[in-house]
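Data first, discussion second: the structure below is written as structure tokens.
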Amino acid sequence: MATVTLIEYEDASPEVKAVYDDIRAVRNTDYINNFWKALAHHPDTLKRIWASLKEVMGPGEIDSLTKEMIYIAVSIANNCDYCIHSHTASAFAKGMTPGQYQELMAVIGMAHQTNGIATGLKVPVDE
Amino acid sequence: MATVTLIEYEDASPEVKAVYDDIRAVRNTDYINNFWKALAHHPDTLKRIWASLKEVMGPGEIDSLTKEMIYIAVSIANNCDYCIHSHTASAFAKGMTPGQYQELMAVIGMAHQTNGIATGLKVPVDE
Amino acid sequence: MATVTLIEYEDASPEVKAVYDDIRAVRNTDYINNFWKALAHHPDTLKRIWASLKEVMGPGEIDSLTKEMIYIAVSIANNCDYCIHSHTASAFAKGMTPGQYQELMAVIGMAHQTNGIATGLKVPVDE
Amino acid sequence: MATVTLIEYEDASPEVKAVYDDIRAVRNTDYINNFWKALAHHPDTLKRIWASLKEVMGPGEIDSLTKEMIYIAVSIANNCDYCIHSHTASAFAKGMTPGQYQELMAVIGMAHQTNGIATGLKVPVDE
Amino acid sequence: MATVTLIEYEDASPEVKAVYDDIRAVRNTDYINNFWKALAHHPDTLKRIWASLKEVMGPGEIDSLTKEMIYIAVSIANNCDYCIHSHTASAFAKGMTPGQYQELMAVIGMAHQTNGIATGLKVPVDE
Amino acid sequence: MATVTLIEYEDASPEVKAVYDDIRAVRNTDYINNFWKALAHHPDTLKRIWASLKEVMGPGEIDSLTKEMIYIAVSIANNCDYCIHSHTASAFAKGMTPGQYQELMAVIGMAHQTNGIATGLKVPVDE
């Protein structure tokens, strides 16, 4: 079975093009990630997910780079190849240093380890 | 089957007490989390995990609160009840605001959603 | 390390051939999926898993296409590449429309999102 | 650490009350699930998640009960206690029979089994 | 929503009683685990799962205690509370020493750690 | 985004070379797995993880092959492609027979199945 097809800008409906345009404007780049091109088969989903992501990953009380590192942590735990790649690229684009990247991996690995042991031992929650 | 028993300070061997003392010194509190009391049945593991955690979660290029938020993200993805509770408490103790906590949950939820969809659609990694 | 080898029909033992024949008869196709060819190294496992799958995925109170969509949902959550591909193909073969496929992905994504948040917040179960 | 607090209708801000009112109207019941009461600390998240859920779980090409069964499948794979309980209740409310429930569990169990084996054996995807 | 009800021996149909009798005979104990009592609502599933478990966990090339430790490892990774408890009890009943139990937890924790890091770094498979 | 780069022995710092030398000595082979070459960008992590792995996987109360099989079980549940490959290779190198490998897969599959069902049914833990 083939992988999902991707809908390029020039082949997109006006509804989809409007989302692509907003992605380009918000991200200040012409590049549109494959994820959006894959969602474009279902414009309602494309619009909903993009609107949600824009809101959640936009300015707030947690800085933008930290949000990307959290996103990477979840994506690794869920083993989403695509998401690990794209959010690692985003984090580097937002200024993550090689040292921070190495530390991020170390924290993620450590968390997995103690998660496994605490779950296995059924450690009672601290009061 | 009973949950793992916890070894209290006063019942601990000198080897275990030494680790407990270090935990108290590094964390600047008398409180010792149940996780360590559960590991104390196997002093080699206790020493190894504590030494690793102290190194990984100690000062580095990622600030301490961010590390806790990453730890929470992994613990939620792995559904480790104990770890979610203890690292959420740590994050609040290190200054996480209620607004940051809400945003953290929103980012984690969003990541899970796009992880599921990108995996399901088998979106090819961007070049 | 090489991937598991696959045992083709013509190289199979009579015991394995009997299972392959049943798969072909039940599915009304000559095609035998790689999964079965990989299991054929252990005929007891091949027989047991095939007999179980035939029973579970056979006629019952849930229609056949719905069962495939449920199977896809689990396979995505477990990130089983092989299973996502094969059950997505089966679902399309059983009449899943492109619109249903898109909705399936949307429901799966949504479930992952609220799973993450409900687990993170430790929302108490409703009475 | 305490579990998240829940915001009851009478204590909610007008912004939150508006969402609660919509939940009640759409679901045709006065009951508001704890999940929404937990999200109400962050009205933007409450509004976004509710709007998304209403859209995704609303009328479409997959019938409503099937969507609930898919939601259950994901929630079990992610081990979200709250979500398993609430969506199982919803599925029964939407007409799931005891026989369908049993079959749902059987399909989910079967999928987990073959997911594990296919991942372990690294079975190559069928052409 | 209530937890699944359990069907006790005295309330079971002859079909279910026959499975319960076999469980008792194979395990050489009168005790029947709640898992089987929960499955008894669907006798076909009860029979199928019990027959599979008996075959898989029965005598073979891997000794019985090792099989239980593998079962625990999977159950922890999947975070199945019930399964962790019951298979840990079984492993102790089959002679697992406290030292082996501690080592089992250490290996499981270590595996989780390197799984997380290898997945995060996308380390290419060794030739 | 490119995969992580690997640091070969001849390009490594003296600090990293010392770890590589120890890996070669302990494992009695010149081959160094890609995992270590990927970690070598962060010598502290390389040293910590290697020291931990050497301790955990070294001689103890659980024999070496059993530890590898447990490692495989966790790696499959976490779907770590790299880890499945490398620990399966290690297990075979330590004497795992084809029959044991097949049984290992059967036990892992069975555990996933009952994990899913016990979690779905919320079976209460046996007293």
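We just call them A, B, C, D, E and F in the order they show up, numbering each chain from 1.
The rule is short, and it goes like this: contacts are C-beta pairs under 8 Å (C-beta built on N, C-alpha and C of every residue); 3 or more make two chains touch, one makes a residue touch a chain.
Predicted model only: the values in this text are computed from it and were never measured.
Enquirer: Of the pairs C-F and E-F, which shows more C-beta pairs in contact?
Expert: Taking the two pairs in turn, the one with more contacts turns out to be E-F.
Enquirer: Among the chains, which one keeps its Cα centre farthest from the Cα centre of chain E?
Expert: A
Enquirer: Taking each chain's centre as the mean of its C-alpha atoms, give the chain farthest from chain F.
Expert: Ranked by distance of C-alpha centres from chain F, the top chain is D.
Enquirer: Between chain A and chain F, what distance separates the C-alpha centroids? Give it in angstrom.
Expert: Computed from C-alpha means, the inter-chain centre distance equals 27 Å.
Enquirer: Could you please state the distance in Å, as a whole number, between where the Cα atoms of chain B are centred and where those of chain F are centred?
Expert: 22
Enquirer: Which residues belonging to chain D are in contact with no fewer than two other chains?
Expert: Residue numbers touching two or more other chains: 1, 49, 52, 56, 74, 76-81, 85-86, 89, 99, 103-106, 108-117, 119, 121-122, 125-126.
Enquirer: What pattern do the touching chains form: line, ring, star, complete or other?
Expert: Its topology is that of a complete graph.
Enquirer: Can you tell me which positions in chain B touch chain A when the two form their complex?
Expert: So the residues of chain B touching chain A come out as 3-4, 6, 31, 33-35, 38-39, 49, 52-53, 56-57, 60-62, 66-67, 69-71, 73-83, 85-87, 89, 97, 99-100, 103-104, 106-119, 121-126.
Enquirer: Help me check something: in the complex, which residues belonging to chain B touch chain D?
Expert: Residues of chain B touching chain D: 79, 85-86, 88-89, 98-99, 102-103, 105-106, 109, 112, 116.
Enquirer: Under the touch definition given earlier, write down the residues of chain F that touch chain A in their complex.
Expert: 1, 41-42, 45, 48-49, 74, 78-80
Enquirer: Taking the touch rule as given, give the residues of chain C at its contact with chain E in the complex, in rising order.
Expert: 1, 44, 48, 52, 55-56, 125-126
Enquirer: In the complex, go through chain D and note every residue touching chain F.
Expert: 72, 76-77, 79, 81, 84-85, 104-106, 108-117, 119-122
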